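Letters A, B, C and D mark the chains in the order given here, with residues in each chain numbered from 1 onward.
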Amino acid sequence: MTRTFASDNNSGAHPMALIAITEANEGHVHAYGEDPWTARGIRALRSHVGDAADVFFVFNGTGANVTALSSLLRSGDCVIAPSTAHVATDECGAPERFTGCKVVGVPAADGKLRVADVEPLLSEHGNMHHVQPRVISISQVAETGTVYTPDEVRTLAELAHAHGMYLHMDGARLANAAVALDLPIRAFTTDAGVDVLSFGGTKNGLLFGEAVCFLTPGLADHFLYERKSGGQLASKMRFIGAQFAAVWGSSVWHECAAHANAMAARLARGAVAAGVELAWEPAANEVFALLSPEAIARLQAVSDFYDWEPRGDRTIARWVCSWDTTEEDVDRFVAAIPAAMEGCS
Amino acid sequence: MTRTFASDNNSGAHPMALIAITEANEGHVHAYGEDPWTARGIRALRSHVGDAADVFFVFNGTGANVTALSSLLRSGDCVIAPSTAHVATDECGAPERFTGCKVVGVPAADGKLRVADVEPLLSEHGNMHHVQPRVISISQVAETGTVYTPDEVRTLAELAHAHGMYLHMDGARLANAAVALDLPIRAFTTDAGVDVLSFGGTKNGLLFGEAVCFLTPGLADHFLYERKSGGQLASKMRFIGAQFAAVWGSSVWHECAAHANAMAARLARGAVAAGVELAWEPAANEVFALLSPEAIARLQAVSDFYDWEPRGDRTIARWVCSWDTTEEDVDRFVAAIPAAMEGCS
Amino acid sequence: MTRTFASDNNSGAHPMALIAITEANEGHVHAYGEDPWTARGIRALRSHVGDAADVFFVFNGTGANVTALSSLLRSGDCVIAPSTAHVATDECGAPERFTGCKVVGVPAADGKLRVADVEPLLSEHGNMHHVQPRVISISQVAETGTVYTPDEVRTLAELAHAHGMYLHMDGARLANAAVALDLPIRAFTTDAGVDVLSFGGTKNGLLFGEAVCFLTPGLADHFLYERKSGGQLASKMRFIGAQFAAVWGSSVWHECAAHANAMAARLARGAVAAGVELAWEPAANEVFALLSPEAIARLQAVSDFYDWEPRGDRTIARWVCSWDTTEEDVDRFVAAIPAAMEGCS
Amino acid sequence: MTRTFASDNNSGAHPMALIAITEANEGHVHAYGEDPWTARGIRALRSHVGDAADVFFVFNGTGANVTALSSLLRSGDCVIAPSTAHVATDECGAPERFTGCKVVGVPAADGKLRVADVEPLLSEHGNMHHVQPRVISISQVAETGTVYTPDEVRTLAELAHAHGMYLHMDGARLANAAVALDLPIRAFTTDAGVDVLSFGGTKNGLLFGEAVCFLTPGLADHFLYERKSGGQLASKMRFIGAQFAAVWGSSVWHECAAHANAMAARLARGAVAAGVELAWEPAANEVFALLSPEAIARLQAVSDFYDWEPRGDRTIARWVCSWDTTEEDVDRFVAAIPAAMEGCS
């Protein structure tokens, strides 16, 4: 069916993921992860985040985030995240449900948390009436399409560690961040002090499957039980492992993300040329544009996408490009902008 | 790799499941279930459990069970299940974690719960110091390989409903039960009074994917939030829906289960002919055999399988057949029995 | 020891509460609430909130709030409360822990939630990715010392009910509100549409003990189990019931609250006369004053109190009066203000 | 009202507890435990369990148990306890609710857990499908009225520690155990390897109030948040501290428990002399007697008590003596036995 700019979750799987699944579908292997395909998938991810990482496959992004966070939290602790973060707003309270802990959403103009946003909350440490900050959680790419530099990540990690806290990264769009930064993944994860990483697969060409990567040694010793009791243990895990091995053990992950980012850049350029004001500069595979509600309605008739949030009289529209978005998809959409904006502020 | 008798989770996916995934991998569709493949999958399951059923896809069996149970329970309630039930013993406490409620495991000789097992616990109703029985949970096929008749299910459902309780069925091997009973699925689910059903897919030829089916109207109105907050909402849900549509919308599900059951019967016959004593009569795709530890060790070298539990000097071995077990697999294993038993009690 | 303005939790028990406990301490009675003193306590509270109310005693305010909320929430739901609310900020995440649900704290300038604060959040209803607003929780007296009029409560109740939600009131300082409004308690609770009320005892002269009052019929049918599984069932409940019977079954509750409010008014008048700027008008037993940090430090040496929050160069100080605050306490403190402010902005 | 043998929870408070509360009711002190009375209460308990213990007051026994257990458990862990234990059966699932973990109840003939009961469960360590034994929880006095010797406790502690587990003791009737053993409390707690102790107050003469004592250093560092988020932080904590200081800082605790135990012994002797068969030897303040249902009904008309459980044609009756049970209470009850048993088997 027609490709849209609604979500990279709306795209299908890259052919290499399907081929990997087909190849892995041979005979019997041990269930629950004790199989060679899972081992290969783990090796592929370790090639990106370091051989010391403890890597566990789970089903989906929410599953990765909640089991990761739960393994770091105790009763009365809290997670500090930007208010736009998936863990703060888009998981129907799953983090609270799995951990029993509060997620404190901090307003962050561009979706990125900064030290100055976190510091005021640290005065709660030691006040037994208030939740205790234990984890800082950031999304890379952020939900606003912005990207943290390695230095920005490192600064947050240092802040966290200086206060007995952990830094968690929700990497649902990790590949797009690596391409945007033109850096290896470990440069802004392991090497920047991230303790636990939700390593995204689905949005970048897998059918399903994510990973929780413990980058700081010693944090994963109980995770097998965390994952199982969290409902995130796949019986036929080989089908997750095989996909990661195929896509992240080759250059496919990079090609997918690079293509998606390039399509977003093309879309942003075209939109600006057509007179659209961007809400902020796109950094990865998402474009946020300021449009009148009328223009948005007309453009949604051309290709589906979501409103992000109102901004005065206008609305911020979110356009997401995927690994399979084509130049034609973009150009057709851009070509429709002038008519859509006609007569609109 | 070599097929074994360890678990139907060790088998791969039926070719039709793979084909369905490949066909569904076309263009963009709405994520999270608003796509035509999910709709087809739901229709396929409704053809088995009735059009009034509310059907929701989830990732795995634990996910199906815990979200189903959670939607039925309130603080201080409990689930009554056989002590051998997956929800009681094999999910690392996931039901307690998701629901905050106790699972009361009742010893049941053949893995099947009976009215007489449940009734003594119902005297707790109204005693605020004790957990309140709210759900009876049975597995069909039971974890011991035994199968409930429709009447046995109905009797439990009537007991449950007479006491303001619900009957949940863990149908991880539902297809094998239907074949064993030679009945349509609805005969021992919807028509027998089951309120909520965990509809199993993975063990019968899917790559992944299960469903929660609310058979009693009015119970599902909050399940969308239950599923999402439970970490069980697949973004690319089309790949679950397409598999169910292909396998349960055709005769494939029945062929898979019928084959697995037939292989178990063949294995049981062969083993008995070779002098093996069965722990109890196999009804579906699992055989439980009494063997000395030495014989078990020798046979595990031929083909992997798990010990079930000790029984005096001997051990009950569990042999599971899958949709892809071949007659040769069975015959080769049976042929190895005499030598394995030689010199053993 | 010296009385201060730090908290009404720092005050002791009214003599009538002690006398009641002594009188109730006679022989054996059934534990866990089936005793005549508990029955009298329930009758006393029903005289304030209506005979149809279901009344349950618990230990403390957090216990009342979390069991009340938990009995109204399902997985994926949320509570909307002012960001200053005790349930949002001062219970170390207990509401999230007990309910697994998110508490959404909404900034509210004077600590009081208004319809316009809640309405934008109601658009989440039906979006399965976002928590579902199910309860509006307000504090009466609010944590800022302000008081809702019956009409303000009713408007929120109507909004809640129009959207399938409930209105919860945290009445830790309910008595002070009744005095401030010069209205019977039921005028701004039962009669104003409140569904569930945390009825405060400890801050108004009890040793310990609060109550959960279900004002809307039909909501309490599972609360016995909610309370017990929530750790809030007192074995020797007679000692809570007797205190409520003595204090709320007579005019003592009103005298205590009226006195505390009068002392706060005296303190506010004296402070203003001494040149202090109030942060906002006091309505009940708390005064919030804008002072320089130096002045605050000097005054805290006179009588202990807490900083509320910074406001520019100054800090808002919170002065709380109790049932046992004396005119001399107030006058001595007021007399110290000029010297404390000398040389301060 | 009439004293019965139903429960030591039915008794009132010892006069010394009331006097302590009255004395503590003077002026203002810091709420939430930073007051001199709480400090004295902690000192009193440390005199019994050692100065290294971390002592925290909570409201009730369930609160003590669940916060103690929660501070020791992680996702997927379990607690092993006798199936008669309060944490296993009498807290309406509160342990599961607070911890999300399973409580595995092990049948234990006399209510006391032994190494042989626990060892078979330890084979689950490392199996990610099964809950991980992390805490052994025993009650001293056991719910059956039996008492562990220091050696029995020590053996369980050594087993626990050898397997990376903790030993928790539910000491709701700790004082009665000390009297029964004629030993200081620390002989069978701190010195016997108990890691965390629920120190009971209410059943031995307090109005309300229990304590959680961490006897092993390093386990309590997060308990302030555990307690607050668990709803167990008393605002006017001085009234708990003062009671413990008065009763456990003097000989009152011992006199109360010694009296209750003596009354139980008198009752047991009298009953046996009247022809009653005891279910097992009473060790502390509870007597369990085998009687026909008719005899029980007749005796309950004399003085209330609870049935414990059926035993063939007969029922085990539980008679509990309290700190305030009198010799006359006992003798009057014993005198009624012959008539009650007349004509009964």
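We adopt the following convention: a contact is a pair of C-beta atoms (placed from the backbone, for glycine too) under 8 Å apart; a residue touches a chain by one contact, two chains touch by 3 or more.
Remember, predicted model here, so these are calculated numbers, not experimental data.
Touch-path distance (fewest steps) from chain B to chain D is 1. Note: the chain lying farthest from chain C is B, by mean C-alpha position.
Computed centre separation for the pair chain A/chain B is 34 angstrom, with centres defined by C-alpha atoms. Taking each chain's centre as the mean of its C-alpha atoms, chain B lies 50 Å from chain C. Per-chain Cα centroids separate chain A from chain C by 41 Å.
Under the contact definition stated at the top, the residues of chain A that touch 2 or more other chains are 32, 75-77, 91-93, 97, 100, 128-129, 131-132, 225, 228-230, 233.
Touching chain B in their complex are the following residues of chain D: 75-78, 89-93, 96-97, 100-103, 128-132.
Interface residues of chain C, counted against chain D in their complex, comprise 1-4, 6-7, 9-13, 18, 21-22, 24-32, 59-63, 66, 91-94, 97-98, 202-203, 207-208, 225, 228-236, 238-239, 322, 324. On chain A, the positions that touch chain D within their shared complex are 32, 70-71, 74-77, 100, 128-129, 131-132, 222, 224-230, 233.
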